[in-house]
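Next up: some structures, all given as structure tokens.
What follows is a pair of complexes built around chain A, which joins chain B in one and chain C in the other.
Moving on, here comes the complex of A and B:
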């Protein structure tokens, strides 16, 4: 929304809509437009959790319904006036979301969907059967229209304008949460959650904020709905409300708030246009949703093209600052999976400016060690120190921010972000992402999408991100795998430069002709134990290391 | 509660759970083959019920075993529908995020629901009984023939599915694809064919459940959501991706629902089931029993 073209499109669309509402729409058309605005708010909210974070919350309809009940009960039972009823409508679902967020947001995606669906079902059961408060199946009647002092927004044009002003508010909230670097962080979090954590992005905090914001906007929409129609029945909590909001988000566009508005306008108007189809209209509606998810992965908004950030010049980027050097010390660290001991009392140190090679056959515990260092798994025993700080068992984002970052065997990237955007997502304020891109030798590809990069460039991108995140120690899991000679030489040169600049590098690789000349020292793991340690030449001759790789000689 | 009453409830719960088990089994088969949740599984059960009603006139009232005779036909038709379902709602989004499959199956379920509504109307309809006749009385215990037939059918289908997946070459190939499609393709198995077959089998089972439930519980276009939810919960209880766990989970849910409903009300049973599910997810965020596979980093 920040580039001039989208701004122009937004302006033109807003003016066209306003002209339609003011001069061409009759009473009924205004009513439909109001309904579209209400659902647009709920869809903009849903987009935050479903579209941006990719978490299939099935509770958005529930938040909408709770907002309606809160506003209705606030007006009828507590005698609240207009702005307060909306506040109640926003508050109740937000509180529920905040309450359930911590247990629910840590669930894997299929359990998250189920848990949010379970909560929605419970809310529906309560609303239908707690007759004393909610009016049971009949619901609440006579929710007063919106009035404040002498102004009345009861119906017609004033109500439409009020609702669409709220749409504007929702767009602003959404924009503030997703513009610039925030948006890049969220994109990284959705596409590569492990990498996001390993680069210091605080995923839990972002998920919490987005979940509560989606509930707040869903509740606001529900509260407006209660006032607009004057009735709140358990119908507002039914599954079909969620499906409608979901369909608007999918058809309009997962990540474009304007797409959500477009989806809402379309899906609220469609039944009006397809009245003649009667019962079959809903079949068409389902088929349209199916067609949209298959043929329009980015929704209608995708048809208008991705809003590009202007390409960034990388040539004159200033030299980046190097982080304070830290020594990494691993002290008798162990890890068991069930009955299998993956790591058995492993100790090592890695000084600033040193490249430490880590070798060992498959299954010897190399990746497990990197997972423990980066906090993805917790050790069962031992200590890990970064400088003087004890980082044993700390969460990945804490470890990353302390200065230890890792790369992955299979690069974890957000394919739709450019190289520069990927790095920008984790660059500290005041630092230059472009400089890191240049430093990693990717300035020629800065404006290419990460998803289109060849494997070798992806490894460089992972290193560039780790540097941008402020890593003083890098743990690289098989960075040279699958590279040709030239690419290996480039990578070796980069790693040498980084070591000379004071970075400590833990380098896992199977290619000895790449690793041995590069490493200052080498450690060999076998079955979770350190079996050899020393200069590359010593380890290469060490019988224990040779044995670990080739097993007992059959000859 | 007397022992007789308790046994009666247990029997009712077991019959209900047996039908749920077929639904959950289909849910897991698709889950393993496609790596994604089929949100339309409930609507497919509903569709099975309506297909049974639609084809029932072929058999007529005369025979003593209308439902039993219809069962192979209904399962065959639903199997075909399942293959079509895979090609419409799954393969086009196969390479995308798991969530895309969620949404595409929600959409497909929506189409089925509203299609049933437009064709048959919203009112609940009764499907053909498996066996006509009243049932027998053992002491003070009354057992309906229908319930016994439901349990026997479900047991036969479940063990048949187990044997098919475990002992036949095709079944082994289907499991190989479920475990690792690329590796399976590398040894000459055609993943697409096996996945299509998995959908067909899963949805034939859903259709069978639809027929089994349609006489005692009736069938209406809006029933799908609850069936899907029961299967989803059963699979969560039984261990994500485990066939045996799904069956056990479904039986537990059937007995739980019937028992709690008899002691209090159906409403409380429903609410308690969701509440227990949520509590379980709070304390065991990765399910009650160990999952089939653990993601590698």
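Moving on, here comes the complex of A and C:
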């Protein structure tokens, strides 16, 4: 909500809604408003896992239903009162999510979707067939209205206010999980998961937290639903519940908690508004949804503008910190893919302040080596040391936090983040994002979206992120690819400055007129083996390097 | 003079409009979702009765689709209660009724339904009136016909996983055992299952001599079609879904050979009398064939109108009248058993393999002994 007019419009709308609920809405209108609030909570939860992380979980309806069953069983079988039933409704789906998170969250997108769908179907089968506990297809009926002490929230305005107070709670939780650098990390993780890991973002921990939080909010909504409706049947676990929550998230606006609320308000009220169309109300409802998707690609929340960080003045940025010096040592590292040996006993060292050129024909193993160094692949043999620390086979985020970061042949970025936000997302404690943006020569573009940057600026952005993440060693995979002479000269100057500041740089590139003058030493790989090593001049004249890569000496 | 004429005209207009629409009867039924066929029949029956008998009282019907979720039904009911009706026609889906009943009870509005789910009249809320015989009636008829007429000794049962399916299965399991022919096979089928062969194959291994079905319309047709395609020639005694013309229309007449079904009634099987008139009027109004749900809801609303004609105006008066009087409907005579169960008769219809119109083979009257 960047502009004041949008914020004002939203504030007025919220106040108008509150006044309507307090003074004008009848029992039916309050009931519909209550339903909207309940679904808003589930949608805010779903937005965390689907909207923010981009993981298509098909279990949110299941968590909603489990929350309803937990609250219903707690009240009817265990005699629990409110708010213990609410706690049960939050706890059961949260526990299930935590239990299944470890195997499920490792899966790639479509397998993740299928796995979560399987869990949802399993829950539905249990609810339908475990008749003694769940009441079978009839379900549980007579779930008491919400009462605590002398206060009754059974129905009408008290229930509506309670539910919307819970919406406020859900918004607070969502805000705390996605505000500031946390939100930037999540955006980077969704749009560029490999880069996120290689820059020290612990994707597993974030996915786990968000999955459990989405389950907790789904369960909270389900528990409220159980008390509001008084019946819990397998219907709450049916696929259509998920579809409704998904539609609310998409139509409201995938990345905004406000969108989840707006989506819930719209999708719960639309069918009621269209009741007078009798048999055709679903057709009108469908047409309205289609129109919303076509004409509001950013969802309803898009009407209120994009949330942005305030523009940052980079001129006054603090000077960047010098890195802690680390020597990178690679000892007889090997990697095989099936019957293909990609790397065969490769060894090298990279001292602080040194630029080591890595050259070789396509398929010689250069990128594979960078993947092993950065933890994206694990070696089959050998050791990798960063200083005294053995980082062999460690996860990418561990290696990044240890001080080794990399760039990619094709820059991995979050296109909707500005340059400064992209760097802020990975900035280590004590580092300054603005300083690193300035250092990388991007201060003029600090507030531009990364997705709009030209290729050369993207390469600089990747370097700025690596520096902000606290890297003392940089592994740069073809940073000069596609650059013109001026851009290469700027990049060379930047790398030289970084080396002078104590960074060790492993530099892969095919542009010999860029790499050879810049590198202190060069290693030539061919078919996964080191065939030449030495100063740039020595390697350029080495018969093995000429035979394997140059064809003729570049000197 | 002009003003006076205008005032008189306006008063007359207002009076006419007030007379023309004294009360709207909410019809809250599932016309979308897996119960849309049955729910549409329920709606049509209610609407036809109001149009036929309610005009003089200024009654009108307002139909609201409840879908198949309890919350959808609750929302529809709360909307309807805004107008403070004296009664409402309510969903035939048991889980929806269980959600609506406490609200109707608090509001003091009687609900008229054709739901077969036993529990709705067992939870002690005296605002429900069921005009379709419950499982305690129709399942007795189905079980007795299986044993007494078809000679079953080794029956197998396929039932739905819904509330309707589980409730009926529970009754059939018990009654068949009590009548000396316990089930030799039983399987629950989800409403979304389209391939019935695995269930049929497993069933055959139990070597049954009769197939009992307690399924919704679509599943009933699928089981019969696939059983006949597999040359499973066992007699089939189905639940009330099979008596519906819309179900029979999904099958070839020859596939219906050896198929019978329990029901509250079968309007299209009645060749003469008031039921035939009802059928003709229903066809003319809706362009489709009526079934027992339509007739039962028609009778239920007709009884409501009878209550109003007898002077019941408020919701409480309507409830008291329905609870304490009997009514001769087209399908049967209705009388409350004290819990709101109004229907106590059943029929078994059978197809001859040449026509999609079944013949009433046997009537079971006053099964619950209330009348």
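Everything that follows uses one rule, which is that the second predicted complex is superposed on the first by the 514 of 555 C-alpha atoms of A that agree within 3 Å, B and C clash if a C-alpha of one lies under 4 Å from a C-alpha of the other, contacts with A are read in each partner's own complex, and residues count from 1 in each chain.
Throughout what follows, a contact is a pair of C-beta atoms (placed from the backbone, for glycine too) under 8 Å apart; a residue touches a chain by one contact, two chains touch by 3 or more.
Given the structure is predicted, the values throughout are model-derived calculations rather than measurements.
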Chain B versus chain C as contact partner of A:455, first or second or both or neither: neither
Which superposed partner A:231 touches (first chain B, second chain C, both, neither): second
Touching partner for A:129 - first (chain B), second (chain C), both, neither: both
First (chain B), second (chain C), both or neither touched by A:139: second
Chain B versus chain C as contact partner of A:294, first or second or both or neither: first
Larger contact residue set on chain A - chain B or chain C: B
First (chain B), second (chain C), both or neither touched by A:282: both
Touched partner set for A:415, first chain B, second chain C, both or neither: neither
Chain B versus chain C as contact partner of A:108, first or second or both or neither: first
Shared chain A surface residues [contacts with chain B and with chain C]: 129, 278-279, 282
List of chain A residues in touch with chain B within their complex: 50, 54, 56, 103-104, 106-111, 113-115, 117-119, 121-122, 125-126, 129, 194, 239, 243, 246-247, 250, 278-280, 282-283, 285-287, 289-290, 293-294, 297, 367, 371, 376, 408-409
Touch list for chain B against partner chain A, complex: 37, 88-89, 92-93, 96-100, 102-104, 106-111, 113-115, 117-118, 225, 229, 232-233, 236, 240, 267, 270-271, 274-275, 277-278, 281-282, 285-287, 297
Parts of chain C lying in touch with chain A, wherever the complex brings them together: 31-32, 63-65, 68-71, 74-75, 78-79, 81-82, 94-95, 98-99, 102-103, 117, 119, 123, 161-167, 188, 190
Contacting residues of chain A [partner chain C, same complex]: 26-28, 31-32, 35, 128-129, 131, 136-139, 141-142, 225, 228-231, 233, 235-236, 238, 240, 272, 275, 278-279, 281-282
